[in-house]
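Residue numbering begins at 1 within each chain, and the chains themselves are lettered A, B, C and D in the order written.
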Amino acid sequence: MTTKTLIRSLAMAAALAAAPAMAQTPVKIGLVTTLSGPGGYIGADIRDGFQIAIDMEGGRLGGIPVQLLVEDDGFNPGKGKQVVEKFLKTERIKLVTGIVFSNIAGAAVPDVLDEGAIYVSPNAGPSNFAGKECHKNYFVVSWQNDSLHESAGKAVQDLGYKRAFILAPNYQAGRDALTGFKRFFKGEIAGEVYTRLDQTDYAAEMAQIRAANPDVVFQFHPGGLGITFLRQYQQAGLAGAIPMVVAAPSMDLTTMNSVGDSAVGVRLTSHWFHDFDNPTSKKFVEEFQKKFNRLPTFYASQSFDTALAIGAALKGTNGNVNNTDAFRTAMLKAEFQSVRGPFRFGPNQHPIQDWWAGEIVRGPDGKPMMKSGARVMSNHGDAYAADCKL
Amino acid sequence: MTLVLEQLLNGVQLGVMLFMLAAGLTLIFGIMGVINLAHGSLFMVGAYAAAVTAAQTGSFLLALVAGLAAAGVLGMVIEFVVLRRLYARDHLDQVLATFGLILFFNQSIILIFGRQPMFVNIPPAFQGAVELLPGVPYPIYRLVIIAVGILVALGLWVLITRTRIGMLVRAGATNREMVRALGVDIRLLYTVVFGLGALLAGLAGIMAGPLTSVQVGMGEQILILTFVVVVIGGIGSVRGAVFGALLVGVVDTMLRAFLPGFLRTMMAGSEADALGAGLSSMGVYLLMALVLLLRPKGLFPAHG
Amino acid sequence: MGLVLALLTFAALAAIPLFPDLVGGPATITLFARMILYAIAAVSLNLILGYGGLVSFGHAAYLGLGGYTVGILYAHFISGSPFLGLIPGTNQLLVTVPAAMLVSGLFALAIGALSLRTTGVQFIMITLAFAQMVFFLFVSLKVYGGDDGLIVRRPNVLFDLNLRDTTTMYYIGLVALAAYVWLVARIVRSRFGRVLTGLRQNERRMAAIGISTYRYKLVAFVIAGMGAGLAGALMANLQRFVSPDMLAWTKSGELMIMVILGGAGSLIGPIWGAIALVGMETALAGWTEHWQFWLGPILICIVLFARGGLYGFVASLLKRDGR
Amino acid sequence: MTGPMLRLEGLVKRFGGLVATDALTLDVVPGELHALIGPNGAGKTTVIGQIAGELRQDEGRILFEGAEITRLSTPQRVRRGLARSFQITQLLEDDTALDNVALAVQAGQGHGFRFFRDARRDPRLAGPAMEHLAAVGMAGRAQVRVADLSHGEHKQLELAIALATGPRFLLLDEPMAGLGASESKAMTEILRGLKGRITMLLVEHDMEAVFALADRISVLVYGRCIASGPPAEIRENAEVRAAYLAEEEV
């Protein structure tokens, strides 16, 4: 026996000896998210939503002590990969979550899966991981990207509009958005415009919208882009004239507060609103407001749900994350109370859930306020599940 | 046809914003030989100071004053603390040090105001739209920006052609050594020029605030476009900055507005959109390459 | 002394994967591999910036072009359809890397031919603007992922080596770095190199002895572009991912910082610079989310007070001891 | 070859409102050392710049050995045998004296695109370079870095570099400026040794040297040539005396 193998077997023996105590060592969860750049507030809400779930259980999830490691991906796929690599190899983490943007997920998630670790998405649900390339260790708690826009398309259809002008930035998620919208909107497309991702002035697009004079405008511009778009929509005198329907990412609470008055009247669809009247949601909103002194966005709610889902799986496996098959079985049962109400995983391990309409109205204090409305879709999955063979 | 007119106005308005940034940048380089990447940060800081003041007081006038003051003061601090040590250095050092400034300012803004974009309301007097032609309403505020731009250009023209400072500026832009030989207090001239450039950048930021969201990184987006303007117009030339800015503004807007539609008449919709979006974002750079091929020193070179 | 420092540097770099625990675990091998690849790009930039005095602010464009060449060839290899209907895709490293260098070199030729008609600050702005143009080109190339980037699911193939293994990639990078450094060392001592260093010191003098400077600058520009293409091609294999971010203007700025930080115009200074900057960024980012808040002033201080970079500092220390 | 070696015809150069060269016409015949003198600000260096091709004249033509070179670049002119030295020395400060001269030799040989062989070990460069250094009396200083050389040595090195390009015509811009008496004398002797072999146009303030060396002298005032002729004639010219006296009074 060489020295090296001797050391190795000693280490192994030590590890075995420590096994009974393992239940006490916290399970490490790696949360890589976007904390810098214009989308940084989304990452902050995802981090805080997850943390609230842990805090509410006193440092545990599903009764198992957990340790949350948070790192910024810098809104940069390469950086995201690096963080994931560090999580997997240096920290030996088996549970990764947190990514906001589809392009970063596209770059980093394959590395997690290649290492045999588990990824649970609190936000991004790009189409390529939902269909043929679905994976047994890949879960999405939020939504499949398209369904955001499918629900908006359905809502526009239900509202009876005939001609829609649709706009999105020229990148994968933007193109998916318009595809998703068109899947459920059956009327005429009065105009279809791709904007630039770095664009700050939409004057040219406003002129095109006015020239086309549609019944309704659907646009997908998340974060800062959307704020700019909405303000200029009002400035161009279009806000009162042509109604707008958007999906949740184009009108979260942060966007609404930044936009101010021009948000009033905009309709949206989402799977969760902060005024939902179920106990889990109420408790979550209350605790979140108490700790962070602001209302949680739907991003925070998704992350909270993600933490609950992981908690349920941890409980089912008694905190053993090394047996990923057992973990997966426990996870798929989704034995937790979602803030959204009914929730379950579809065959491709993406959510099947309800979608709701909402509207920005003027609140009692005169400021814009987000209000939930009627159900738009029930038990809605996604269009890609059929391609997934698990 | 009315759509073309409207897009033309949009292009001019973008050109005016670019001009306010490019004028400062080109003068600072022309007189001091300094390339200042942090010029975009002045734009951002002006916008932030105005946004915060407007949110606190609700007065656009106060916001204007605050924005100008912030950009001016910051400009002076930058000049005094960092750039002053770089006048004698080569451009490389200037680029790197001001690159460091960008990182610092962007993070400082995040630390102070957070990452969430801010927004300024259009002052009530300028809200709404006017009908330029029947059926073509145009936002008053954008017209105001164009007007301010014209005033700034006229003001600069008077300053440069009719005053002693302007005489020195002109002399300095053509021959830096000559100004030194004239025995002028060069420090004062530098401070005046730099302050002026900072104020213009701040003004552009203040004007941009109500149009676009005020957010970290807004300075760099426009800075690179400003570089294109300066290169096309000719370094050190205010006249070049005017023409370069209008050219870039109009070309950029027109390509964006009409190229995809034009391509769609020739090929399938989605391909046309993708190609159109790509070509229109590269358009101004191709324009710059073309200008360089014909006139390597730009359209209106200040140096002989 | 330069040779000794160079040999010491390479010996140390060659030893790093043998003692992974000493440098902080296996994940850091990836970190060091990235440093090595950035070092290739920095050395290539140093050829024109440090030796030739050409302040190119768009060097990341060639890095990205190299990476995308690998990515695009891989995408066509997987799909089976040839690029532009002519060029078949491949995953052979011995094909993709030279192809990447060729593509980067051709772009450098076109961009350099235009940019080098100008000098000074105009040159800086123009190289930056052209790099932006390439950036937007890839952002809008929908078929190759556009803004989202392009995933290279499996790394290229080189004989029977497992390139998925970071240590293997590390040594491939190190060999490439050594080869490129050797090439640059030969070039700067050659007749061509004498002209190049003369250009930096006094371009007016060069004209006055009858040297038409444009062609020399252009050739150097192309050699440097090819070096960055090499770095980019290997980086695409290491990260198994390319995105427009690789050719963002901030990346060009970082490459310049590496050169200056390590010591412009010295053979191995840029290698130290690449290691130092990537290391510093990683350390700061691990410490605070607002790491750029600290990196910015550090950079300014380096520019203002530490002339000659790390290499200049070490060289002056050694000289003092020697006397 | 008949006619002048260098001919300037109606050269005009303006800087803004200032006319630096005012319809200047001047001939330099083969083999002569032609001195160009004049008070400060007369535009002598501007003229040199135009002949060397560093400044583009606004009007007029420049002919070299009968051919018009007005549109040629500086390197093209150098390759035709028209070299210059600088008043403010333009040297590669980080390199040795030998390197500076060797580079000029290399430029003359035209093999710049060689990438592998160590240029410093190339005897085809070092050999001729050493000869040129020896010609200006600097053989012993070949391995000294330029930054460590004295001002006088910089001036000598300037000349050696110009010679290394193998010129038939040499533009000398104040080679004695800032030199001490003995250094000036040495420089005068070096130039005297070149006379006859290389045609020269000398701009110089050191009148002792000018009158010792020049075959002909032209006097430039405010960009115009007010007198041109052999030294003895110029010495007696009233207008020249007035121009110089006026300067001394200021």
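Operating definition for what follows: a residue touches a chain if its C-beta (ideal position, glycine included) is under 8 Å from a C-beta of that chain, and two chains touch if they have at least 3 such contacts.
Every value quoted in this text rests on a predicted model; they were computed, and no experiment measured them.
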> By CA centroid distance, what chain is farthest from chain B?
Replying inline: D
>> Contact counts by the stated rule: is the higher one at B-C or C-D?
In response: B-C
> So how far apart, in whole Å, are chain B and chain C when each is placed at the average of its C-alpha atoms?
Replying inline: 31
> Measuring from the mean C-alpha position of chain A to the mean C-alpha position of chain D, what distance in angstrom results?
Replying inline: 75
> CA centre of chain C versus CA centre of chain D: separation in Å?
Replying inline: 43
> Whole-Å distance, chain A centre to chain C centre, using C-alpha means?
Replying inline: 36
> chain A: which residues touch two or more other chains?
Replying inline: 35-36, 170
> Among the residues of chain C, which are close enough to touch at least two other chains?
Replying inline: 139-140, 142
> Out of chain D, which residues touch more than one other chain, so two or more?
Replying inline: none
> In the complex of these two chains, what residues of chain A are touching chain B?
Replying inline: 35-41, 44, 170, 192-196, 198, 200-201, 203-204, 207-208, 210-211, 223-224, 227-228, 231-232, 235-237, 254, 258-260
>> With touch defined as at the start, can you tell me which chain A residues reach chain C in the complex?
In response: 35-36, 72, 74, 76-78, 81-82, 85-86, 88-90, 102-103, 106-107, 110, 170-173, 175, 197
>> Applying the document's contact rule, which stretches of chain B touch chain C when the two form their complex?
In response: 29, 33, 35, 82, 85-86, 89-93, 95-97, 99-108, 110-111, 220, 224, 227-228, 230-231, 235, 274-275, 277-279, 281-282, 285-286, 288-289, 292-293, 296-298
>> Residue numbers of chain D touching chain C in their complex, please.
In response: 52, 54, 73-76, 78-79, 83-84, 86, 90-95, 99, 102-104, 106-108, 111-120, 122, 125, 161-162, 164-165
> Given the complex with chain A, which residues does chain B contribute to the contact?
Replying inline: 3, 6-7, 10, 13-14, 110, 114-119, 121-122, 127-129, 137, 139, 141-142, 208, 210-213, 215-218, 221-222, 253, 256-257, 260, 269, 273-274, 276-278, 280-281
